[in-house]
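Look for chain A in each of the two complexes below; its partner is chain B in the first and chain C in the second.
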Partner chain A sequence: MSAATETVSEVYRDRTGGFIGRIVPTRLRIFHGFASWLGLICLGLFLLIATVGRLFGNPDLLVTAGAEPPSTSHWFGTDTLGRDLFARTATGAWTSLLISVSCIVVAVLIAVPLGMWAGSKHNKRADDFIMRGLETVQALPMLIFVLFVLMLVGSDPVQLGPFTIGMEARISVCLALGFVPFFARIARAATLVEMQEDYVAALRVIGVKPRYILLREVHVNVMPAVGVQCFLAIAIAIFAEGGLSFLGLGVAPPQATLGNLIADAGSQILNGLWWYALLPGAVMVLGILGFNLVGDAFNDSLLGSRSAERA
Partner chain B sequence: MTKRHAPPASELSLTGASEALAGAGDDEAINRLSRRRFLGLSGLSVLGAAAGSSLLTACSSQSVGSRIAARQKDGILQIAVAAAPSNINPLDSGSEVTRWISEPVVETLYMYDESLQSVPLLAAGEPVISADKLTWTMKVRTGITWQNGDPLTADDVIATLAHVTDLSAGSEWITYFIGYVQSFEALDRQTFAIHLSKPYGLLRSHLTNLPIVHKDYVASKNTMMGTGPYKLDSFTPGQSFTMTRYAGYHGDKPAFNGITYTVLQDGATREVSLKQGKVDLITSVPFGDLDALKGSDDVVVQITEAPLDILTYVLIEKEPFSDDNFRKAVAVSMDRAGVVQKVFSGQATSGQGPIGPAELGYDATLQTYAATPNYELARSLLAKATTTQRSFTLTIGTEGTIKNVAQVLAAGWAQVGIQVRIEQLTGGPWSNKWLSRGYDMLMNTFQSGFTSGPANYLTLAPADSTNVLSCGYHNPVADALLAVVWQTTDDKARAAALAKLDRILAEDAVIFPPAYPRLAVARLASLSPVDENLLRASRISPQKLHFTG
Partner chain C sequence: MLRFLLKRIVSLVLVMFLLVSAMFIALHLAPTSPVNSLPAAVAADPVARAAYEAKLGLNQPLIVQYLTYLKDLLTGNMGVSLYDDTSVSSQIASHLPVSLELGGLAALFSMLPGFLLGAWTALHRGDKIDSSARIFTVLSLSLPAYWLAVVSLVVVGQAFPQLLPSAGGYVPFLDDPAANLQVMILPALVLGLSTFALVARSLRASLVDVLGSDYVSFARGMGMSQYRLMGRVAVRNAVIPTLTIMGVLLGGLISGTVLIEGVFQIPGLGQLMVTSFLRADYPLALGCSIATAFIFLLLNLVVDTLYYVVDPRVRMQLSTDPMRLSLRRRRLAPV
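For the complex of A and B:
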């Protein structure tokens, strides 16, 4: 066993403790420590509510005369219009998840090629051009940038052939544009490191084309770093989508998102309707906390162990 | 085989927090503030702050009654409103947002008395109308001064009329004068004449609602100069307005040394401020909070029928609302009871035609539509409809109440297979949709008391086939009745025409609002009551109030 592997094993042993170490299979040992497991549980609950929860009840149906507290028939109670709040929260969580994941996918699809290209052309004109462009976007805080783009594109649905581009898609793309600089910088930094590795030099020596090296060899080493950051970015995206919906710039009613549920609940807590804001808010916290802590765990495990390996 | 490497995490981290994790065995890194430790510390801090604030609140408790008494010693009336305009020129907008703030500052030629009859205020008497009914001649009272000391003259009235009829000025009032008011002139220092292109009986109503502003200030968007009992001292856009008593006021001396309007957009914040005695009066009381307010001994809620309408228009010249059966199916499947109960907490009347209970021409016997939706009838009407379209866009304003109304209605229409896309637009874009006829169904709340008094003439405009706001409805009988409404000087004839028109528009499913909401204001018990008759014309008249404690 190499010194690097021994170091990694010690870290696992230290952080998982004896009990978890015995019951958790080795391949799941990226989740070491209480916080990581808490994150996994939070994320699992969030995904359960967002997926399976949607099967319970109709989020738009007016089922009671007014707001009712949580009960066995309405687990999260009902809102002031008499709609089942669990059904709305589950739909909202699904919408928020869909927007967040799709925005990260779009951002990665745009940012990784840009970042890798910039990294492969380090200190050349293409690198400068890309990085200065991204810095311009980054000069604005992300939410301000997204608000600006949303105002430019408006709220009317756009018909592209058989497809209707609705507000969800528009928010996804706008958030994605906000995330592009972050992912592009990560991809560029990872590419810069890889390009200095011996295997790249060796491949060049034997005449492998630069494009092939970049797409087939460097790319697979860049993606883990990007992938880990995706979890953290999804948490930020859920938060950002919630903020946009809270400001009334999200999807149109009656479609629920976690943000517009909390916004609608607004000050109802002062009228004793504690469940209205608290429970959808708690689900949002589950999602944000879960993605954050799981992202940390991956970060710790994948990148940390590689650093140890490198050392 | 290529070795798979990853770059150092410190170079890659999105948030910069992963450096502690990068060196897995690095004690120094582990001891630094990682994301997880930060989250834990944040949680503890939030709990600590919550406990601390509760303790502070408990320690600083002071009786509400003594706080109110101490505050009211300064003789300043504190009013909390839901919104304030960016342009405070009272000539540019007839909305309550502007006019509730300008009410103590500016006055009109005629005013509503306690029985809502129009009586002279700045005018020296009743207008003299020529035999052909095309010229109205009036005098302004002598001895009245503006808040800067200048005397009121006919030139001020002419300047006011010139501003509101100038297309480039952007005044809302132009819609009430265009096509009828041809010209106006000052005949002497106190006398002026208005020349009409056709008889216009509604002019008296407009002169009872149109504020008169000093001739040098008619175009000003950041100050007000009136003849009212209070003058505007200062304001912070969107936040507060401070007024002091005008010593040279021509009428009875008002009770307060000053009035301060504070903008509190959130309904619950207004409610809590009132309960805590920080303000004396609040407007736009959230209907969901009425019960909570009524339970307080220090607070009195006043609710009255008022010209507060839910403007509801369908574009009849375009599918799907061009189909009579589709339109009627939408009207009969409207969940009026749901809107009344869930949105307005029962403080509204189920809707029929465009004219509500507080408005001239209301017919209580008109019961075209039941409060509860008739889905069976709607399905049979839809089966007869020639249009195959079963969806439409409902364009609403951004206010929370109208959003809730739209959601309740959409849930009802979904029961008969009509899918509704709700589109929320701010004031300008919403009005543009109306003007450009780029809508399927339009809905918004509108208070007409400051433009029409106890009536709402703007609501009827889209039913007129010749009006710029026409929704495409062509009915010669309706057009003739509208002409009577606009032209007669006889209130009884106008009321009769309005009632007939209301029935026609309801039965033809042209204008069918879901409900007629009531107007609610809340005040401290130590403030005298707001005149409920005047409240029926949207007036709060703070200059007539006083502290009773």
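For the complex of A and C:
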């Protein structure tokens, strides 16, 4: 590296703090149209039930003698043991939300470095290796992959130093592993697109290290593509977590999750408790619909035409 | 064509091999072991324990176990279930056709109407049917199949109990096709709903793009009839993105059978798999996972071949650049 390019590279670092922002329209109208507002309302209601609704009533207290239909004192009615269904649904929604969001956070933390690394080493051995690994994981439908990993981990509590890893943490990590290929592919595709841009070539010419280009410049432009998919992924995670609990392989039954409640309602179908079958699931649909529609709105407004080119 | 197929098959075998190896080794390195599920009295006795391990071949080095498993797998032998000592292969063979029937019916019920709805709404963009179809499809995408199954048991089951398998028990197709189809319709509809919505949405989006393109305007300007235009130009181009998401759809259908077979008491591969996972029946769980992965990859191969048939550009690309194997990147997580 000659003295001249070194100076330019240093100037770049000093002037910008090693960071060139990309021009992004600041006044974006993300929410327009009926669908996105509906999504926002659904999402708001779901979050309200999961956070504030949880404070009303005790999910484990037996408040009535048996199952009762919805009334003013028990909005969602009570289950066969006489527990308040609204309190159970709200607690369940909170648990599902917690698991889903933490699962996506873990998945992004693993997948984005992996995908960006693969993308920056396009057509080299590392890229081939990572892609082959992802393909192998994706040879199983995600839910079945997660079931398999959960079986490997077992259901006994694991003691890691002073911390006990509970079932919730384990499920969220196993679900996260299932989401890694999804995010890694998005990050890789976005990195491939960004690496073709002029600014990368320009930075390389003035002698900025590839590591800096990747971590400071490309990374900033990869994150929107990943972030937009997060909402859709949370919707899928809520669905998948519910599915695991529904099959009896998730959080164990005395604790309420949305999947547990639906499974329990399914096993008592002959009693004709329509509110038990209907209402907890409806809250789940509210959450999934909300995250889906808000994700769509972000997708359309932030990426717009760019999303089309990253097929 | 032959060359393309051959390459895809080689790639399938490679992925399958990697998957089997990874799953086998992970299973044997994990802290879980069949020995853990023994009664405490047996597990505490070193002699009985060693005898049990020897029976399962667990006392041999991992590499020997692995090679034995691979060799047996090639001859169709996947070991015996820990729970009742039945052969895993025969269990899978008896459960698989039921799931395939369910999945096939669901695909039939979802793809065809989804296709028609997508085409209709793209042609009548902006009218009332289009906007209500949009809301309907988004809503059906957000309905978890297992909840829908429970609700349909309550709602439909009380009005038409004869539609439920639980009423009269499940009847195999070969024994009585009519009775079998009668109880399979409701599960297949429940399973197919989200696939239907995805197909309709995806086809609508790509058809809207294609209908706005220059070559469609040109064809219309040259006087091609609407019917021929749709059939020969528009749909053929618009179906390609829909094929791209087919991997997601197939994954969804397979996971769906796992989730809803239990509710409807259909003795398919999904139910077998859930039971094996719940009982920590390792050989059976491994066998079911391998079978599922194989079917999933095989169906993906079929979709790739369709891609090749529909899109002449892919054929061109392959003839100029035969190394280009990954035609289709799966975009969404197949749940």
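For the reader, a short list of remarks on this structure follows.
We take it that the second predicted complex is superposed on the first by the 272 of 311 C-alpha atoms of A that agree within 3 Å, B and C clash if a C-alpha of one lies under 4 Å from a C-alpha of the other, contacts with A are read in each partner's own complex, and residues count from 1 in each chain.
Definition applied: a residue touches a chain if its C-beta (ideal position, glycine included) is under 8 Å from a C-beta of that chain, and two chains touch if they have at least 3 such contacts.
These figures come from a predicted structure and were not determined experimentally.
Once chain A of one complex is fitted onto chain A of the other, the partner contacts of A:G242 are limited to chain C, with no touch recorded for chain B. Residue contacts after overlaying the shared chain place A:L177 against neither chain B nor chain C. Of the two partner chains placed by superposition, A:V112 touches none, neither chain B nor chain C.
By the touch criterion stated above, A:G266 is placed in contact with chain B and with chain C alike.
In the superposition on chain A, A:V294 makes contact with neither chain B nor chain C. Contacts of A:L278 after superposition on the shared chain: chain C is touched, whereas chain B is not. Judged by the touch definition given at the top, the superposed model places A:A233 against both chain B and chain C.
When the two complexes are overlaid on their common chain A, residue A:M151 makes contact with chain C while staying clear of chain B. When both complexes are overlaid on chain A, the residue A:A139 reaches chain C alone and has no touch with chain B. In the superposition on chain A, chain A positions 35, 182, 189, 232-233, 248, 266, 272, 289, 292-293 are in contact with chain B in one complex as well as with chain C in the other. Within the complex, the chain B residues that touch chain A are 2-9, 11-15, 17-18, 21-25, 34-36, 39-40, 266-269, 271-272, 288-289, 292, 335, 338, 341-343, 398, 400, 403-404, 406-408, 410-411, 414, 421-425. The touching residues of chain C, counted against chain A in their complex, run 15-16, 18-19, 22-23, 26-27, 30-32, 134-135, 138-139, 141-144, 146-147, 149-151, 153-155, 157-158, 241, 244, 250-252, 254-255, 258-259, 262-263, 273-274, 277-278, 280, 282, 285, 289, 292-293, 296-297, 329-335. Across the complex, chain B is touched by residues 7-8, 10-11, 33, 35, 60-62, 65-66, 80-83, 155-157, 182, 186, 189-190, 192-194, 197, 199, 203, 217, 220-221, 224-225, 228-229, 232-233, 248, 252-254, 264, 266-268, 270-272, 289, 292-293, 296, 299-300, 302-308, 310 of chain A.
Remark: chain A residues 35, 132, 135-136, 138-144, 147-148, 150-154, 178-179, 181-182, 185, 189, 232-233, 235-236, 239-240, 242-243, 246-249, 259, 262-263, 265-266, 269, 272, 274, 277-278, 281, 284-285, 288-289, 292-293, 311 touch chain C in the complex.
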